[in-house]
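Beneath this line is the structure, given in structure tokens, with notes to follow.
Going in written order, the chains are labelled A, B, C and D, and every chain counts its residues from 1.
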């Protein structure tokens, strides 16, 4: 039979985000495939070179849409490293709470996202409802649901509102009790197991060849390679958490790790709320200084662990009021481009969408 | 803490032993940067990969029009000894060619394609570095070079909306208009010079 | 008081009958708007909450659809890069009439935060006609749903006729598309 | 004769209205399961009439003719469907095999039309639909043949009367394994998850329906509703003892359809090879076991 060309995306319900997987299929089996990125290209790196350091805070969350806070965090860390700025202790802990809430929300979105390709819409609806509660908490803390611009250079924009910790704890406990339900609906559901087990495997040998990080790597390699553990930023060295791994990387194992990571994030949030000291939350530049804030010369790379893997900003400063060069290392770059080209062939067309969901591919951060 | 400082030292010794280092920057306890000659990049990366820096985290370029150079950056990471190593090298801006590192790190394929697209750097050794990846039917100089002005390109190519009425100022008789003008002028001055005029 | 005098029943002309049928159709059309979710940009991330249990778009009879042929609304969710605009035009022209376009976020209105970017277009209605804009970066689910209700109102008032505009001024739109994109239909390795 | 035809069309129309309303109510029920309000119960009607009011494009005469053939075939099938044990359009023409053959005309029309559109997703969808059909037909037919063997008659009315006569002993209870197989096959017929492989919006962009829009899609929706009516009614008549009056029929119909829908809403869908493997494994073994037990050993509860 002749090879037939099929498009998964950009306008396709199985594709999350505006990207297109081109597949050449023989029957139901994919023979060749590649990702066509670039439909979300905004020229981010160029835009940031033209804006002041402070103005960039408004721009950066838009690099990755489902989990914007990692951008703010990475940008803030990179700039603080260049400035050699020590931020107040309380700001670190607030940042961690925000980051972990964002991680839970991204994991819930991805976990519910498999409801699309596998047809289990109830799972998607439940996960999205819980994610919406997180967005509501974000709205209470920062004033915005998705783009918070809360983690800024020198700390966080403002202190937590009164009583929000209680609300976060309530939500987190509620979610913790419902994780069993998520397991039952998703990875422990008999029909879902049949569907997602032993599909789209990532062999252990190819991980380093691809450069995959995050859940994809941890599920294949089986070691706790998490930047929060290995090279901790913020105050991750002062909280206790585990890094879930597995030694067999199929779709189900990756989803299992996602749920376990949600559990670990919940533990981290609880510890943060317990250990968080009182005090100031931000080092402010002097009045009228922000427009001409200059940053010393230097090159710095600030990696942090996002829900999809290592995410980092490479920043170069020339000593001016704007960054000289900003490079974004999208966490989904390796698995999105090279992974789809090399390891999708051989699977069935039904599973192509599962790769996108379980490996964690976020189209905007590939394109920037 | 002690351990990670040892790691940095170890890396420094290793790199100094392998290649001639032009400049070393100690950034923090998990990160170190080396600037080396263009021809020695492959040797250094091979040695680093064999010693455990198996992950290529990032590959990109920086434009330095004043020196007429491009700076190519490779960032590699070792999960067992957590040190990020930036390997930087400067290449000629007029004829930017950098041998591909595809044989060492296969994951560099798309990074190199992207660098070619945004800076115009050629990567011989990468079979399809010349193919377009992110842009489509691009008709100008590579967009991340410093002499490319996106604002002018946008104004030339995309018509922007015209507002018959200026909604930003409510009452023209009010003094606000002048104040706004003044503030805008001051902001512009600051942006250009960075100093108060 | 009504006159009791007998008046002859006026006969409806064909146009009037057509209009009456069209009004009946409008009732069905505005109560069953199917979305084509083309996630062109960031605002697509607020669509899952507005579609799923939290805000439940299905109350209004709306739902996502898989292909452009089946859909009524083209939801342009956010900024449009040139590459997306080309696909958007393909998609828009595939939809069956009557079709409506909603632009979410400030980017389709005037470029928004990317007004000076080299890759993002500034104004959507230069290329395809738009019925409703929902401003905001990004618009809340409440405002997205509000935009849908506005569209329903304007279908009721017969002001949502962008698809007629596209048909009548086709040449102007085509010319604009050509100015921005070069060729609308292109041939390269991705479109062999 | 003309009266009979009119009654038959009336039954088809009744089936359409019934199934559409129940599908609407089910959308609300599933909505509650998913912690939300759900649409209005008459939303399905609005959807269909909206589709009929839209302008549509064509992909050649096969594309148009296939849709009409599908709708006509299904209406023709529904005309023979008895509602209760004494209400049917054509006396003595309610043989089970009539449905099996006539329903194929509708399916064939849809397959023809979808292939005529020339979209690769549509061809994949049609291929999957026919494969699924092959998969569920075999175990279902074995169970039905067992029933026919026990009753000695293949007329639906006779089967109903047989069940009602013997102290309302439904075949679902008399042949429990067979009843289960019948229900699983019903899920496959209705295209409910986990056997929803041929629509699968997120995989193959709604499969056969990918190129339809406007009037053709509206007709396909009507066809879909009527064929669901036929399939659920068949199950009610074969396994649940039919109905003596219309209210009994409505209740049984509603229960069966809602149960299928509820099961569907918490399951994922199989891949197409898994569907075939599944049906040729457990339901087939169960059906054969049931046939052997019922016919050779005569163990009927």
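A few notes on this one:
One rule holds in what follows: contacts are C-beta pairs under 8 Å (C-beta built on N, C-alpha and C of every residue); 3 or more make two chains touch, one makes a residue touch a chain.
These numbers were taken from a predicted model, which means no experiment stands behind them.
Placing every chain at the mean of its C-alpha atoms, the farthest one from chain A is found to be D. Work out the mean CA point of chain A and of chain D, and you get 44 Å between them.
Once the centre of each chain is set as its mean CA position, chain C and chain D turn out to be 36 Å apart.
Per-chain CA centroids place chain A at a distance of 22 Å from chain B.
Centre to centre, using the average C-alpha position, chain B and chain D are separated by 60 Å. Within chain C, the positions touching two or more other chains are listed as 52-53, 66-68, 83, 116-120. For chain D, residues touching at least two other chains, in rising order: 34-36, 201, 205.
Within chain B, the positions touching two or more other chains are listed as 135-136, 143, 148, 150-151. If each chain is drawn as a node and touching chains are joined, the picture fits none of the line, ring, star or complete shapes. Across the complex, chain C meets chain D through its residues 24-25, 28-29, 31-32, 34, 52-53, 56, 58-59, 61, 65-72, 95-98. Note for the complex: chain B touches chain A at residues 25, 27-28, 30-31, 33, 54-58, 60, 62-63, 73, 75, 77, 79, 82, 84, 86, 88, 105-107, 109-111, 118, 133-136, 143-144, 146, 148, 150-151, 187, 190-191, 194-195. Of all residues in chain D, only 30, 33-36, 120-121, 124, 193-194, 196, 200-205, 265-274 touch chain A in the complex they form.
By the touch rule above, chain A contacts chain C in their complex via residues 5, 10-13, 16-18, 22, 36, 38-43, 46-47, 50, 58-59, 62, 65-66, 109, 124-126, 128-129, 131-132, 135, 145-147, 364, 367.
Residue ranges of chain D in contact with chain C, taken from their complex: 27, 31, 34-40, 43, 46-47, 49-50, 53-57, 201, 205-206, 209-214, 217.
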